[in-house]
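These are the structures, in structure tokens.
What follows is a pair of complexes built around chain A, which joins chain B in one and chain C in the other.
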Partner chain A sequence: MTGTTTPSTPAQVRQVPAPRPDVEEMRSRIGVAVRGVEYDAAGDPILYVDPERNVEVLAHLKGSEGGSYDLLRDITGLDLGGGHPIYVVYDLWSTAEGRPLRVKAQLRADRPRLASACDLWRAANWLEREVYDMFGVTFQGHPDLRRILMPENYEEGYPLQKDFPLRGRFTRAEQTRRAMSMALDDVYSMEELVTAGSGGEDGLPELARRQMAQTPGVTARAAPSELAGAGAGRDDDIETRNMLINIGPQHPATHGVLRLVCELDGERIVGCTPHIGYLHSGFEKLSEYRTWNQVITLTDRMDYLAPMMFNVGYALAVEKLLDVEITPRCKVIRVICCELNRILSHLLWLGTTAIDIGAFTPFLYTYQERERIYNLHEAYTGARMTTSVTRIGGMMADVPPGWLDGVREFVETFPRTLAEVDALLTRNSIWIGRTQGIGVIGAEEAINYGLCGPNLRASGVPHDVRRDRPYLDYETYDFDVPIGELGDTYDRYLVRMEEMRQSIRILEQALERVPDGPINVADSRVILPPKSETMNSIDGMIAHFKLVMEGLKVPAGEVWYSIESSKGELGFYIVADGGPKPVRCRYRTPSFMNMAVLPRLVEGELLADMIAVNASIDIVLGEIDR
Partner chain B sequence: MGPLSATAFVLISLVKVIVVFTVIMVVVALMTLAERRVAAWIQDRSGPNRVGPWGILQPLADGLKNLLKEENLPGAASAGLFFAAPMIAIFPALVLFAVIPFASPLPTRWGLVPMIVADIPVGFLYIVALASLGVYGLFLAGWASNSKYALLGGLRASAQMISYEVGLGLSLVPILMLAGNVSLPAIVGQQQELGVWYVFPLLLAFTFFIVSAFAETNRLPFDMPEAESELVTGYHTEYSSMKFSMFFIAEFSNVLTQSALMATFFLGGWDIPFWSGDNMRALADGTIVGATPALWKTLLTLGAFALKTGFFVFVFIWVRWTLPRFRYDQVMALGWKVLIPLLVAYIAIQGGAMLGLQAGGIDSGRTYALALFGLNFVLLALLLFWLDRGRVIRGSWGASRRRTQLIARAPENVGAASEEAAAV
Partner chain C sequence: MPSSEESSLSGGRGQVETEVPRSWIITRLDFLVNWARRNSLWPMPFGTACCAIEMMGSAASKYDIARFGMERMSFSPRQADCMIVAGRVAYKMAPVMRRVWDQMTQPKWCISMGACASTGGVFDTYTMVQGIDTIVPVDVYVPGCPPRPEGLIYALMMIQEKIKGESIADPRSREEDPEGAGQPQLSPEEVELIAGPFGNSTFQNRVSGLDSSSPLIRPGDRKEQRHK
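Let's look at the complex of A and B:
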């Protein structure tokens, strides 16, 4: 259909903008700690800081006078290999002013060490653990620095260091031998040791006792009454001990291979420790060994519940690096893909949350609707889950004839089902009793924990990348960003329900305006020229040859590009050196950040609440573990 | 027709036991199918429809499968109790049926046969006593498995069932006050005489009973002991094969028994409404009061009883596939802080009303029943109104209020932020 052409975004300028005043001011204020300022492909400032004084700078940035970069979006490492130093990269966001800032600290490659930012942001806890796990950077002052994605007794090294071979340092035979000879009880986590020792050291297995002796800061507890929140009102004559229960990795309510070690006093949760990494696939490492377009197939395997969003986000990030402006038709089609997938993902969350709280029927209602979206996936891409729908500079193909009518039919009929589920749950007394006031987290704390997406908005923080940093012309669509007031499970439920309705609104507008024209950019650097040109003109022939033989080449540089995925802010930190493969692909996945807050949300709640809260933060293990 | 001779009594009782047991087993098997078919219907899908016409042989296939599955005994389990638990669970559900009259008396060559397995004069007490035993099966299963999930399930089961037994028993007290008898056939007879089923004059007792019955059978929204999303499957996590199946038979038998009890206590048992041809009552000496018994009447009343029971079974299934699950502490709070105090108050009010009416000269007949119905209706309306105001569980009123506040528009600073971002 001939819709109106969308107004193009302001030219995506490449030239370095004038230094931002706050950065200059900061340099004057902390002087030597700030070593330099740079601007990335998107024009965002990068601050190089003295690694000895990183926390000082970060504290200044977080504080109000430094510009109030209150949201820690990411901490990651960057190893360029070849004797270059290792960098630790912090990515900050100012919720008040809506702009990003990246902070880089350069470390010595042989003994990378840095002070921990855990005291500033609780969000740093898991992020620093991941950097430690992947790059071997030791964070001094971190409360619980141990491996997070790799097994705790992994001995091959730090996988994301450049000199780490893709298949690991050990041979397959050696890896198998170690895996087979490992005693299942070999590894006790710190929490398990602490709880197990709550009755003194006597009852512990030999290995646990030995491990406890080696782990600093862990001692067997003398009496159970010392346990936090457990001793009150208990008869002292009866010796009680908290129960340690292992939920997962195989459990109906963990939504994948997640393991939650919970310490229970009766049914009340005293402590909960998530163990992740069971689905770790090394996508970040693998991406460094794939060409730019091949990486797309990896992205949809992370969040397999909203695969197209990951495809789109990655393509947008690389296009930013390439400085390619995609066609108006492609933009609208990508918006349709994204919003369809937001509904797809929210529907799964809705169904499984309902199951977790005991209502089975909405699950099947939502799955029927998901089936219709999957059929649309299939009609477009041929695949249902692993769509790989985008290419750098466009889409895998234009949409097939009639596909948009299929989307239109879905948009028209889907709200009926949503209203049905809404009628079953939203005002149901049991549902309300199970969700209101459970797992509450306020705005300030939510930001401190780095929550993102609907979870953050449910706490009342109106941060939505589609609004705060629009991509794909989202600013031209008319939609509301729902926010909650209390940040409890019920608010998270309401926010997501409303987001589905808003997605329908966006879809309606997008369907109205799908412009005609090419879907891919006419740029032979990134997209193969049409066959007729390849066959008939020497230019086309050469472009085809070069693209096939050498692959897409992305100019040296880096970018941190984020989109609002269904689960929250999905960031791609991509570093290129001008070659056909990425140097570093960092996927800052939203569920990873959301998962880390679970222990805080469930402390003191009942076991059943933990299941409800865990469901309400909407995790997908594929992207947590990557 | 006189009373049965001793030999005939024994033989006929034996036949009745076998027939009733067989019928219950078959019905329970069909209930598993019904549950799955009704669930499928509610959930907009087909359900099992491959084994036999309409999937009618599915329970048979399931049973066969369960028999052939591997028996599993966890290493740490306490073997004796682990084996005994399913049997203990299934026993009370089955024997409860013995005191439920399921049809009008049948005239035979040897005398009048009451259509009840054991016409004991203390039927009500028997029910209250035996219903308590069911908890042992679940608790022992949870304890003997020596598994943490099973233990939690067993603990929940025992706490919940013991709590709601009180409610179940108390909600039957108004019936005793109204009927003046604890024998179930007598209660059915009283309802026929009154001309109004007890569901009307005892509407509130019926409401409480149905809630307690759901809790007693551990069905959603009270399926704490199983709660598959929390406790895997609760007390029977470690069970496999036919032992696992027996817990399900026990659950469905319980549902059937509770449905039959509800039909008997509140819907007139085997009484056919608006027809006096079935209003008969066998006295202890074998004589009959009221209409003449006949084989066709027995069959008709049996049909009426089956219909009423079937209706309640359907309600059990319907509710299960509609509502979410309570939380454990909410269940206990509902039982102890709401149900029991309210029941005690209700018994006092109902008793007072009955005394008042009797003092006013109305002590039987439709007027009496309708007056009580009016009282119950008002009380029920008050109760629902109070519940909805959100003391125990926050009601829909609170939800609607919050919802309007939630859908806030986008904040003001967003526009500025996007402009700034664009300017970069």
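Let's look at the complex of A and C:
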């Protein structure tokens, strides 16, 4: 690897004058593999590592005593275009110390290659596949480096590279033609086809057979009767073979357009491969083409179950970059929005999970309550679901008169419904039978898989961003972080039920303390001055003119900012170059991390339990696929 | 068919009335078939994204599309009459949608719910089908992002209206072309025509106001361009 030894991003990173001692100490411990240290807009350290030795450094960071960075939060790419190198960015979190660390490796743009970190973290598997899919970075030693979001036969290139046009390289007609002429082996992976044709090669479709002939090391699995020991202990006259079934992408129990290919031995699941990307919409690419405030309208279309949380998280991240401190009133209103949406999202999860397990009634109960939250959304923003409620530096508007009373009424009456659903389910023997002891994952493994949110807490890891890295003054609210013991489906259910109660507690406190005062910051860099000022003072007019004509400008820099969304830790990795639009908007969405653990959770379970487990990890495909 | 003599006996003579206790009516066959069809439309919910949540909302307690004879969400295409495509459809999903549509038996209708399904919406990107009508035929488009449940219910009522005007004597609208299965609905030229970029935002670059979609142009280049 040739290249510069002094790391310098064109998106310049602010230097913190005093280097942090712990980081310097770590740097000296790791030695020459670290080429430089910088600090981002939030003051978090970034280590620039030798790309040849990235795994060595990561292993060191993960394994170091005391301050171990054990949770891999994100791996992503960063392409600045114009012949600049491509970066691969790792984001780590230390659960013991409660602090983040970013590791960057600089790669040559023409042939980006890097060693895979899959051996260190299971979480790296899908994340690296995504970087490969979007940036074309090859991870050596990755067990299964395939495209993940785009179709297997996608030939237009790597969408998030800067020179890739927003609308793709081919014409719309060609894109349509290619989509409609997908062959079987574009849709199934090689191993799956091998299982499907486990009666020998004859069972395979023509195309698959041809491809198999070209792929070294892959042969059709022999029919089980030929395998020694297969069927031992069973009736030897009956020839059994594993069956492959395909669930989705259009299936009511997959909660969206998720496709699961399961290998079954009778009713037991031997292996399960989730195929995602059926809803990939190009949010990250599109964000690079929209102004800072326009991106907000995109964020709520990602997680449409808790739209306001995405709005708030994105706004907070950009405000961090801008170094804008929002008003006290805005903070409290945002907390109210977030917690309402946590309930909104958990309610949908509760209703649909209950349907999946066979109880229809809770769905009707929960939708009734959701409608009440939608009415609050509508009264505030005019939209039921796509709220776009925040602006950089404040909110779209102050809350309308009487709105807080509406929230108060909801807060007072909602616990009753929750108690009713609780009475229906929590001690219901069918419910318990379907959920207890199913899909178990322990704490250490959960961290290794990068689980987050209620799923991680159900396994007994008390990681909650609201606690560990408070934003919006969450540290001043009195609430509990529920954790589970076993990490089974029932625990995940209990944790979410309790979180709704805690949200009510936070809402009560927030409603108590809503301060008076302006909702938006009085900073003409980000928020339009009031009309009276625009009309009557020259300063106001200039500020208005600049903001309208040139747009909001965010100083060069980058930040990785996360909030606790209803599904888990929602991270925004945002890079700015001082222009009116982001250079890179990376949405590290919690469901993506949670989804990757499904194969591990369902292995050896019954097929019917897979539906319950899948429901219990609470995914939303809009957020997984982005 | 009852004779005209019998039908005129309805009033007056009680004896006949007991023999034929109102167990028949006279109607046009078209009317009868259409009446039956339009009041038991079973939707095939093809929900992908945000709009699907509003579709679920339409089926839940408050809006309750069961009032219009559509309570049975049929997750099997073979028992469904009306496909509701709710949400954005990626190219990766397009063949699946076409397959579901092909599997539905005639008579069938299709609703395109929301801006994304109808036109691609805000997602004029490399992955999104720019309007599902390039892949399957659409009967009713519902505007909105997302449309409210009332909007979806109105669309279903429009389908009902449409059914009223159909005649079983005219098979044209219900003909299936086996050749067309798995193929896009429109020809490549038509796809280009309706999926081409339009509107302001599709021409946006990373720097506002440029009409090129190459993201490499930076503020400095913009000045140069102007000087040319």
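Quick note on the criterion: the second predicted complex is superposed on the first by the 580 of 626 C-alpha atoms of A that agree within 3 Å, B and C clash if a C-alpha of one lies under 4 Å from a C-alpha of the other, contacts with A are read in each partner's own complex, and residues count from 1 in each chain.
Keep in mind that, in the parts below, a contact is a pair of C-beta atoms (placed from the backbone, for glycine too) under 8 Å apart; a residue touches a chain by one contact, two chains touch by 3 or more.
All figures in this text were calculated on a predicted structure; none of them were measured in a lab.
Participant: Which of the two partners, first being chain B and second being chain C, lies in contact with A:298: first, second, both, or neither?
Facilitator: second
Participant: Output check: A:436 vs chain B and chain C. Expected answer is one of first, second, both, neither. What do you get?
Facilitator: Touch partner of A:436: chain B, not chain C.
Participant: Which partner does A:120 contact after superposing on A: first (chain B), second (chain C), both, neither?
Facilitator: Touch partners of A:120: none, neither chain B nor chain C.
Participant: Please work out whether A:541 is in contact with chain B alone, chain C alone, both, or neither, and reply first, second, both or neither.
Facilitator: So A:541 meets neither chain B nor chain C here.
Participant: Regarding the shared-chain residue A:358, is it in contact with chain B (first), chain C (second), both, or neither?
Facilitator: In the superposition, A:358 touches chain B alone.
Participant: Check whether A:59 is in contact with chain B, with chain C, with both or with neither, and answer first, second, both or neither.
Facilitator: neither
Participant: Which partner chains sit in contact with A:396 here, chain B, chain C, both or neither? Use first/second/both/neither.
Facilitator: Neither chain B nor chain C is touched by A:396.
Participant: If we overlay the two complexes on their shared chain A, which of chain B and chain C does A:167 touch? Say first, second, both or neither.
Facilitator: Second partner only.
Participant: Is A:37 in contact with chain B, with chain C, with both, or with neither (first, second, both, neither)?
Facilitator: neither
Participant: Would you tell me the residues on chain A in contact with chain B in one complex that are also in contact with chain C in the other?
Facilitator: In the superposed arrangement, which is not itself an observed complex, chain A uses residues 251-252, 364, 368 for both chain B and chain C.
Participant: What residues on chain A touch chain B, complex-wise?
Facilitator: Listed in rising order, the residues are 9-10, 17, 42-44, 96-99, 243, 245-246, 251-253, 267, 354-361, 364-365, 368, 424-434, 436, 462, 464, 467-470, 475, 480-485, 490-491, 494-495, 498, 606-609, 611.
Participant: Using the touch definition from the top, list the residues of chain C that touch chain A in their complex.
Facilitator: The contact residues of chain C facing chain A are 45-50, 52-54, 56-57, 60-62, 73, 75, 87-88, 90-98, 100, 122-130, 134-135, 145-146, 148, 182-184, 188-189, 191-192, 195-197, 201-202, 204-208, 213-216, 218-219.
Participant: Spell out the part of chain B that touches chain A in their complex, as residue ranges.
Facilitator: Against chain A, the touching part of chain B is residues 39, 42-45, 148-149, 152, 220-221, 223, 227-230, 232, 321-330, 387-388, 392-396, 398-400, 402-403, 405-411, 413-414, 416-418, 420-424.
Participant: Note which residues of chain A are touching chain C in the complex, please.
Facilitator: These residues of chain A touch chain C: 81-82, 150-151, 156, 159, 162-168, 171-180, 182, 249-252, 256-257, 277-282, 285-286, 288-291, 297-298, 301, 304-305, 348, 363-364, 367-368, 370-371, 374, 384-386, 551, 579-581, 583, 621-622, 625.
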